[in-house]
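Look for subunit A in each of the two complexes below; its partner is subunit B in the first and subunit C in the second.
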Partner chain A sequence: MLQAKVITNVRKMSDKASIVDIHGEVNAAAENSLMSAFNQASASHARAVVLNFRGLEYMNSSGIGLLVTLLIRANRQGQKVMATGLSDHYRQIFELTRLNEAIHIYDTEAQALAAANAM
Partner chain B sequence: MTTLIRNFWQSLIGQSKPAPQATVMPVVQRPRLPPKPSHEIAPNDPLVAYFQNARGSVEVDRINLDSPAVRALKAAGVRMTVPLVSQGDLLGLLNLGPRLSEQDYSSDDRGLLNNLASQAAPALRVAQLVRQQQLELQARERLEQELRVARLIQQTLLPKELPSLPGWHVSAYYRPARAVGGDFYDFLYLPDGRLGLVVGDVTDKGVPAALVMATTRAILRSAAQRWDAPGRVLEQANDLLHPDIPPKMFVTCLYAILDPQNGRLRYANAGHDVPYCRSSSEVKELRATGMPLGLMPGMSYEEKEAILAPGESVLFYSDGLVEAHNPQRAMFSFPYLRTLVERHTGGATLIDFLLAELAEFTGANWEQEDDVTLVTLQRADTGQAATDSSQPGHAIRDKEWRTLAEFTLPSEAGNERLAMKEVTAAVQDLGLPPARLERLKTAVAEATMNAMEHGNQNRPELPVGIQLLASETVLAVRVTDQGGGQPIPDPHAPDLEAKLAGLQSPRGWGLFLIEKMVDEMHVIRDGGHHTLELIMYLGGDNNASAKL
Partner chain C sequence: MTTSSSQPNEGKPRDATYWAQPVSRLKVSGVPSEAINLNVDGRRVMSPLQGFGQMWQKNYRIRLAGTKSIPAEVIKTWKENFQKFWPPGNRFYAPLTSISPGEVAVLNLSGPGGIKLSTGIMVIYADDESFTFMTPEGHMFSGWITFSAHTEDSHTVAQAQVLIRANDPLYEIAFRMGGSRQEDQFWVQTLTSLAAHFGAEGEVEMQATCVDPKLQWSQAKNIWHNAAIRTVLNTPVRLARSLFRRNAINTR
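After this line comes the complex of A and B, so read on.
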């Protein structure tokens, strides 16, 4: 069984937005960690969840599949998902897969939060 | 069951020894019951019809029939016989000798006997059915085991890798039918860089065909080393094979020798399907006459020659393709194959194109009737720019290859990270820009995951092979699985909207990503393996982001 090598941390920034810091590997094994972090971030009815990928070491196609699953859930709950801290490589993968059309990418955490608070 | 009935009856009438024994006579074709000596009643014996009308116990002396079974009963000293009938079928007879008291059987006795028979018959029937099922199961298991052996022989003897010839692209596809026919192909590496190519088909199926295939392959390999002319090789193979081959079996076989320097292809044919040679303007048949191997000794084989110009290719195949049927029982046929070869204009490889057409022709529920073997030999088009990615197997056109690394990994989730590490170390002197290295790493990780999950079905004992080759201008990474699983599909752009709407699985990004990460991606099928070949151009300002 694949060992999860991911650590997530949830920060509530305002009534409207929470940030999920993601460290390590986003692959099939990250499902539980990522989903429970997302649920925690959504618990206070946050309108926006910002995924902070600054600590991301590796993401594979299973990880992309997880993000899609997470997006489906967010859409159902009427939430926005944003991303920040992506390396050029993974930003390019977001663009190739057109994930960037559903998960808006911001250069900095501050920009993401400003966008969330303006919602 | 017999013993049970006998003992039961004996206890009823107080016999301690069966003094003529009560015996059950099964009707023929029922599974025989152990181990009591018993007579069989022929299905057409008048006694069978007799008992369909007469129910209950009967004194043998009163049966007035011209019946071998009745004669046998009388000879055995049987006095009374009770038919065991279940659902209108006579299963057997419960036979009794004279009573020890020498009195006739009373009506009470007969009532008891009839009662016993009415209960014993269905029980016996059930026992027979169970036994029959067991025998059928054993037979099926034996058959499965035999098929496994046949498949193993064949897969062991098919080439493990494809020839890498500068300026040429060789591909092969082989898929055994469930019953495993006798298809085979082989590549022989001859002096002066020439390539020998064999495609053949043994009549018959299963282990016998596999063994003849193994023998033929060995004979051809040795004859090809000894003789230079394809006709002479087949002649020798025929003479050696003929005395040993089982009756009614023979081998159709085509043997060709390619000189990759000048494109000269010399060939001879022992009754095998005629290859098609495709040029830009037409499709030619490469005909040469000759009898199949093993039919009769002293045959000679016509030898012909063709020159393959740049851009031309040859398709070798077996009749599993042309004799495939669609649900309306129409055959794929030679003319249709020829039309398809004419119609093929690049894009997917010819093999992929033909397989897609075959799948469409046969429909989804096709039970493959015979082995399907396809081998193509293609001469690279010299007029083509080296960066044209529509041309598969770009890598092998380069001349000077060195192996940077070669390793295998068990198919365990997470091992794609090891592949990334190894590949990063192996390419560190090539000077890939960091962004391109990241792309290569992602492509290698995805290809490895694909091989572990789909090719090897996550079975750790099945390795994923990774080979890195580099020339002056190109880096090739080949990721090979053991191919038990599904074939590698064509990559297509996943539909994010459909996924978000829950209409598609959120997964399925792997191949799409790989294709976008590298400059070229090739799928190579070879016997029991699939290989993904990832190509990165080296030097210059190549940048795969042009693919965005």
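After this line comes the complex of A and C, so read on.
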């Protein structure tokens, strides 16, 4: 079985937004770690969860699938999912898979948080 | 709060060669003349987020007990013989350069009552142990299907995992009225054939989860591209062309 090679860290930035830092590999094995970080970020009823991909080293198609299921959960809870820290390569993958049409991408954390706080 | 404008991940990521480049519209080439090549060229790819119906994640897996083939060998064989493992009556017109990122394939699928449906797929991801197809507008489903192999308890396990929504209201009705079961049978047969190729016998295990029970009415317009309707409507045109060609050959 695949071993998870991902580390997540949750930072509560305001009443409205939390950031999930993602380091390492996002594939099928990252499910538990990613979902648990998302639950933690949602626990304070944050209206926006910002996924920070600055530390992302590898992502396969199962990883993209995980992001879709995470997005559906957020939508069900009335939350927005945002992304920041994406390299050009991972931006292209978001474009290819049309994830960029559902997850708003920001260049910096500051921009993402400003958008979240303006909600 | 951390803010930075520098580019993250400046080195080339390990997965860079596994992913296709983004495309705005699909372009298909090298399709054999016997194929019904409709509903692929010029279509956009569809993720599960752009579909209409309930979102389903389904896993089909089979343990290749007794085979010594490692996951990479299984995936290599699967890629090279993809059509061979499909149930009879369905055709996968493989790209000329095999299943690799960015390639587009035409599918001719059998529908109820002998109806043929022409659609396609794009290979969006392929590495040594997995590959993923994404569907275009008009396909029955919007989403991805990933084929993979891994080792579990010292056995190789082959797996197909779909993350899909029915693309439009008509497909959603069909999906609920037996289409879902038909889809299950399709992949069960495929995995059984794959296992047989490796001399393995076993049961295909299936797991289905409804990820999103909601219908996306904003995507009902997808019916405009419905490949089943368009293939049927195109049938007289194809028959006329074929007759014309036959007459032209006979008069030479």
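Just so we're on the same page, the second predicted complex is superposed on the first by the 119 of 119 C-alpha atoms of A that agree within 3 Å, B and C clash if a C-alpha of one lies under 4 Å from a C-alpha of the other, contacts with A are read in each partner's own complex, and residues count from 1 in each chain.
Methods note: a residue touches a chain if its C-beta (ideal position, glycine included) is under 8 Å from a C-beta of that chain, and two chains touch if they have at least 3 such contacts.
All figures in this text were calculated on a predicted structure; none of them were measured in a lab.
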Checklist line | Side-by-side fit of subunit B and subunit C on subunit A, or clash | finding: clash
Checklist line | Touching partner for A:Q40 - first (subunit B), second (subunit C), both, neither | finding: neither
Next item on the list: Count the residues of subunit A touched by subunit B and by subunit C, then name the partner with the higher count.
Entry: C
Next item on the list: Kindly classify A:Q3 by the partners it touches after superposition: subunit B alone (first), subunit C alone (second), both, or neither?
Entry: first
Next item on the list: Using the superposition on chain A described above, determine whether A:N117 touches subunit B (first), subunit C (second), both, or neither.
Entry: neither
Note to self: For A:L96, using the defined touch cut-off, is the partner it touches subunit B, subunit C, both, or neither? Pick first, second, both or neither.
What the structure shows: both
Notebook entry, point to check: Which holds for A:N60: it touches subunit B only (first), subunit C only (second), both, or neither?
Noted result: both
Checklist line | subunit B/subunit C common contact set on subunit A | finding: 1-2, 58, 60-62, 64-65, 68-69, 71-72, 75, 87-89, 92-93, 95-99, 101-102
Note to self: Per the contact definition, I'd like the list of subunit B residues that touch subunit A in the complex.
What the structure shows: 413-414, 416-417, 420, 435, 438-439, 442, 445-446, 449, 494, 496, 499-500, 502, 505-510, 512-513, 516, 545, 548
Check: Which residues of subunit C touch subunit A in their complex?
Finding: 1-5, 7-10, 12-16, 18-23, 45-50, 55, 57, 124-125, 127, 130, 132, 134, 144, 146, 148, 150-152, 161, 163, 211-212
Notebook entry, point to check: Of all residues in subunit A, which touch subunit C in the complex?
Noted result: 1-2, 13, 53-62, 64-65, 68-69, 71-72, 75-76, 85-90, 92-93, 95-99, 101-102, 107-110, 113
Margin query: Touching residues of subunit A toward subunit B in the complex: what are they?
Written below: 1-3, 25, 27-29, 58, 60-62, 64-66, 68-69, 71-72, 75, 87-89, 92-93, 95-99, 101-102
